[in-house]
Amino acid sequence: MAVLPLLTDDQLSDKARAVFDDIRATRQTDYVNNFWRALAHNPDELEAVWGRLKRIMGPGALDPLVKEMLYIAVSAANACEYCCHSHTASARAKGMSDEMYSELLSVIGMASHTNALATALQVPPDDAFKA
Amino acid sequence: MAVLPLLTDDQLSDKARAVFDDIRATRQTDYVNNFWRALAHNPDELEAVWGRLKRIMGPGALDPLVKEMLYIAVSAANACEYCCHSHTASARAKGMSDEMYSELLSVIGMASHTNALATALQVPPDDAFKA
Amino acid sequence: MAVLPLLTDDQLSDKARAVFDDIRATRQTDYVNNFWRALAHNPDELEAVWGRLKRIMGPGALDPLVKEMLYIAVSAANACEYCCHSHTASARAKGMSDEMYSELLSVIGMASHTNALATALQVPPDDAFKA
Amino acid sequence: MAVLPLLTDDQLSDKARAVFDDIRATRQTDYVNNFWRALAHNPDELEAVWGRLKRIMGPGALDPLVKEMLYIAVSAANACEYCCHSHTASARAKGMSDEMYSELLSVIGMASHTNALATALQVPPDDAFKA
Amino acid sequence: MAVLPLLTDDQLSDKARAVFDDIRATRQTDYVNNFWRALAHNPDELEAVWGRLKRIMGPGALDPLVKEMLYIAVSAANACEYCCHSHTASARAKGMSDEMYSELLSVIGMASHTNALATALQVPPDDAFKA
Amino acid sequence: MAVLPLLTDDQLSDKARAVFDDIRATRQTDYVNNFWRALAHNPDELEAVWGRLKRIMGPGALDPLVKEMLYIAVSAANACEYCCHSHTASARAKGMSDEMYSELLSVIGMASHTNALATALQVPPDDAFKA
């Protein structure tokens, strides 16, 4: 359960409806997932978050699929249940193969392991890393 | 400062020395960074961690540079000072451009933002995400 | 499901019952939420945690509603499912409006975003911040 | 040390300089802190982050000082060294008294304590919290 | 729900089946829990993770029960729902009494409290702690 | 640097001085570490935190050394620089051997690894774990 009701299409303000229209057009599907239905209580924030997500996650110097895998990595480290689900589904939709997902999980596991060791040991950064 | 002294080359056990030799051969540099010098107090763990890192971070279904960027993403979310430094340096050495780094930071920032919102709102995962 | 059974009123020790009585009197409601029913297995800890919570969350230099919003902020960052639910409900009960909640979410999102950037970049604190 | 050099005023692009001008005008001080000097490598992101921060942290349904204290709370939970320093300094500048800071720390400590307990115990959210 | 289907015994590859056989023999029970059924999609990782877990969590300088309690402590701090459940069950099976569990929770709560304070205050480590 | 000045002995209030006296008597050393010198700005909180720490970390169903190792585990997972230093020093002082510390690090690393996997995969807790 969410701390706020998830808004159905007929409960949207005009501004929120326009964002939902853009989500549907951009993703070429009628389905709008729960995250946006929770954010829709605040149409300004809904518009701002969707606008940035659309811009940042699109093509650029990094491939959109790589960006989805980066999103999964951050979401796992931040223990975000919803985002692990939604971005794994997005990465699958963008072509993440079983082999890619297996390697992604291995890197997430490895990084979490050495993050914990370096922090427990309080290893000082090398002078060689200095910018 | 570390909670343990960082071992110099002449303080290594035979097993730790062999791992350092492999680090140097694999990376084609004489430089061995502080993390391994802290781990070298426990040669079995040193060998195991290095062995897995070498295998996981090598080429596969994902590019080694993509893996380094995933490592940075996890390290930032876990607030690991050392790993942010070391893996940003590694990613640079593997060809991460300024444009790629800028987009990486944008994705890390975006994911951290929506992770926090989805968690605060406790948005329930959609049935559509079910495996 | 919890890792321990949630105790019903008739399963409480005398000490735990006295704490439940004080929770009911302080909050002016007969309802005692699940957190306390899980803690009640250890009446000493139950008494200590409730006592501190009652003291800290009461009026002082900060308004009790501000304190509830701070609690939500920490709970979201720590990814505590239960506490996001319980303290959002408490903040609502203490008068948090929709507008206040929207701004709270915006600050939580913004802080999570720049926390991640400052950590990824390992920005050194300015001398100007020195105490 | 940062993973990127901190840009001095004479190293800024035109776009970054315009943002720095707005930071100075908004805060009514010539001092621009390190965070913005690290972000200035990416003028578009600099502009976007500053723009949102300026809008979100300004007056609204919540007082700007309350927002700074919420920022400290999130930053402490996310273990962001830089942000703990910078936002404590900002809160002081906006009028946070010693008494307010003491209570803020008490709430952060209390929330971190019960977050850990509720998570360890996996207490299920009460039906009474349902939106 | 998991992001991947949990594999049943008749869906296992030969390599995964061999790992399940070893889990059953080591734990002297026919029951194999969900974590391994999710990992079984990648038999190499399944084998590697189980092999390390079996070695690390066995007897040594630290008692296996102490190791399970350390695992609970890390899992609570990392907000891992599954691991809080599974390792609390394991610790119970290895003899953790109610008194031990109560003290474990008190230490987890205390550490989370002072971690947050030390981070918010950015207390510098004492020279006396230097290795 | 801390966000507050660390108080020297001659800057303490009477109440803070009494706590410092008790720290010195309990630990049988004249040295009082920085954490308490930062907390001393708020004598009530200083007294409360020290009192609980003294009670919780003393002998009970768990050995004081085990408690210190649990504290290190939580502190590493929470990325608390100060607490990793201070509690590793405390554990050493209470008899933690090199072998014990090596195994502690292995458990912290292993738990961090599987926490990340279980979270990324969103593995549902087994019915068998139900209390």
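A, B, C, D, E and F are the chain letters, set down in written order, and residue numbers restart from 1 in every chain.
In this section, a residue touches a chain if its C-beta (ideal position, glycine included) is under 8 Å from a C-beta of that chain, and two chains touch if they have at least 3 such contacts.
As the structure is a prediction and not an experimental result, all values here were calculated from the model.
Engineer: If you tally the C-beta contacts for B-C and for A-B, which one comes out higher?
Structural biologist: Result of the comparison of B-C and A-B: A-B.
Engineer: Could you work out how far the Cα centre of chain C sits from that of chain D, in whole Å?
Structural biologist: 21
Engineer: Taking each chain's centre as its mean C-alpha position, how far apart are chain D and chain E in Å?
Structural biologist: Computed from C-alpha means, the inter-chain centre distance equals 34 Å.
Engineer: If I count partner chains per residue in chain B, which residues reach a count of at least 2?
Structural biologist: 1-4, 49, 52, 74-81, 84-85, 88-89, 102, 105-106, 108-117, 119-122, 125, 129, in rising order.
Engineer: May I ask you to sort the chain touch graph into line, ring, star, complete or other?
Structural biologist: Here the contact pattern is complete, since every chain touches every other one.
Engineer: Along chain E, where are the residues that touch chain A in the complex?
Structural biologist: My answer: residues 1, 3, 41-42, 45, 49, 74, 78-81, 125.
Engineer: Using the touch rule from the top, collect the residues of chain B that touch chain E in their complex.
Structural biologist: Interface residues on chain B, with respect to chain E: 1-5, 48, 52, 125, 129-131.
Engineer: Can you list the residues on chain D that touch chain F in the complex?
Structural biologist: On the chain D side, the touching residues are 79, 81, 84-85, 88-89, 98, 102, 105-106, 109, 116, 122.
Engineer: If you look only at chain C, which of its residues touch chain B in the complex?
Structural biologist: Listed in rising order, the residues of chain C that touch chain B are 72, 75-77, 79, 81, 84-85, 88, 105, 108-117, 119-122.
Engineer: Within the complex, which stretch of chain D touches chain C?
Structural biologist: Against chain C, chain D makes touches at 1-4, 6, 31, 33-35, 38-39, 49, 52-53, 56-57, 60-62, 66-67, 69-71, 73-83, 85-89, 97, 99-100, 102-104, 106-108, 110-126, 128-129.
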